[in-house]
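One chain, chain A, links the two complexes that follow: it is found with chain B in the first and with chain C in the second.
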Partner chain A sequence: MEGLIIHTVAINRQGELKHFEIPLSNNAKFITGLWYKVRLITDAESGVVTELKSRSPYQPEVIIGELSLSSNQREGVFYFGKIILDNANYGLLDYTGGVFRVNNYSHAKFPQSLKVKVDADTAIVHGYIHDNWGVISGRNVRYEIDLYIYQQLKEKP
Partner chain B sequence: MEENELHSVPKVFEIQITAAGQKVSETFELDKSVKKVHGVAFSSEKPDLMYHRGYARLEINNKEYFPDNHAVQRVMNGINANLDNRYWPLKKVIIGNGKVKIEYTDKPDGRTVFAAYTVLLYFDCEIVID
Partner chain C sequence: MTPALAQEYIKRRMHELGFGDNYHIRLKHFIIRQGETRVEKAYNSFYILVEEPARLQIKSQNGFFELANTNANEMQYEHHGKITIRHTGGAIARVRFIQVIPYK
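Right, the complex of A and B next:
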């Protein structure tokens, strides 16, 4: 049986470091997957960087922060990585681009969750998000990150 | 006596989003002929708005499949996906009373400008034909 916890973390200030705790379900056996979604609350037209220009067709991705997740078990930190705004290069060099623009929302397949296998004996997952979006935009950027924690639950006896 | 045959048929429901930040709660009923539900898919005439702003809670026969604030983006599949892989698979659906409850929330995202849009909910069903 699979369970899903969605935990929302709000970032308000430039360079903010936010710690949080995510309580797991009582009957969680393993953490099996991770995914996240970013929602910008500040208006993008007020100077927030949402894409990076480059001379080549390849666009660098906008890194909006760092995410670290850890449990109390021996795994310790089981996820550490950059939070990327969107796949800016979806459909790169697609020859139909001029006629029918390729976008994440029109062409992409299901976004894949990151597969992990972490013992869920711990009751809480600790984590932090370190803002970078405000740093590259040179202002306070308000946004929320929804963290999706997929769990394998113990079957009821 | 001839055996009943099951046919794969999509069932479509529609939700109108007319205001930014709107929360729409609707209950639909599946036909009596529906015997199985294999998956669900979301579509819209403004997919960019649904992709960035759409959140949905889904319940079938009082069993929750997507919790509160579940991003529609997570279960959206574009045209690059195989035709037989467009639906987000729903496991072990018991049709029961056939009631499908959806709570769709539009949450503003600074990268989009709101305009009214329609969300179409497709269920991959098997119906029985006598």
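Right, the complex of A and C next:
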């Protein structure tokens, strides 16, 4: 049996650091997947950076923040990485594919949930988001990040 | 966090993590000069802050600690993994940690 928890974190200020806690279900056995979605609340035409211009056809991805997720028990930090805005150029002009396989979490937002297997022996998942979108835009940017935590639940006896 | 509270916290935290009483502790007193950034690699250990240092920013995968930061809603006393200690300006800063090294 699978369960899904959607937790929304709102960021309002430039460079804001927000800690949060996500309570897991009582009968959670494993955390099996992660995914996130970003929703901009500030008007996108009022100076908020939504793409980075470059001379080459390749446009670097917009990193809007840093995300850390950790379990309080033995697993510790199980996800630490950048939150990346949708990148239309995902995979373009990337010559490393033959040698270094492209990972969803290294170049762009993951198109589907990132598979993980974390023992859910913890009551809560603790995490933080450190804003970078406001920093590169030079102003306060209001946005919400929906964090999707997929969990495998224990079957009822 | 006072040293006494830190010791009690460490004892309970190590039990919570499943290490029981199997850990060593070391005292760490860092002196950070103006403009200095120090990186501590604590992938197999935990650093517990036993004071609230001024003029320093401490960052790790677990979170941040910076008294001057008005943009944060919480500070972390427990740090793990790559820990970056950055001087944020002013006189020489000092910070004390208890390093906890668990073993099996």
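Points worth noting:
In this text, the second predicted complex is superposed on the first by the 136 of 157 C-alpha atoms of A that agree within 3 Å, B and C clash if a C-alpha of one lies under 4 Å from a C-alpha of the other, contacts with A are read in each partner's own complex, and residues count from 1 in each chain.
Operating definition for what follows: a contact is a pair of C-beta atoms (placed from the backbone, for glycine too) under 8 Å apart; a residue touches a chain by one contact, two chains touch by 3 or more.
In this text the structure is predicted, and so the values were computed from the model without any measurement.
Between chain B and chain C, more residues of chain A are touched by B.
Looking at the shared chain after the overlay, A:Arg39 reaches chain B, while chain C stays out of its contact range. Look at A:Ser68: by the touch rule set out above, it reaches chain C but stays clear of chain B. Of the two partner chains placed by the overlay, only chain C lies in contact with A:Gly76; chain B stays clear of it.
Look at A:Ser54: by the touch rule set out above, it reaches neither chain B nor chain C.
Touch criterion met: A:Tyr128 reaches chain C, while chain B stays clear of it.
Using the contact criterion defined above for the overlaid structures, shared-chain residue A:Ile6 touches chain B, although it does not reach chain C. In the superposition on chain A, contact is made by A:Glu16 with chain C only, not with chain B. Across the superposed pair, chain B and chain C touch chain A at no common residue.
If you check the complex, the residues on chain B that touch chain A are 47-48, 50-52, 67-71, 73-81, 85, 88, 107-111. Residue ranges on chain A touching chain B, taken from their complex, read 4, 6, 8, 35, 37, 39-44, 48, 50, 103-111, 143, 146, 148. Chain A makes touch with chain C in their complex at residues 13-19, 68, 70, 72-74, 76-77, 80, 128, 130-131.
Within the complex, the chain C residues that touch chain A are 16-18, 61-64, 69, 71-74, 76, 80-81.
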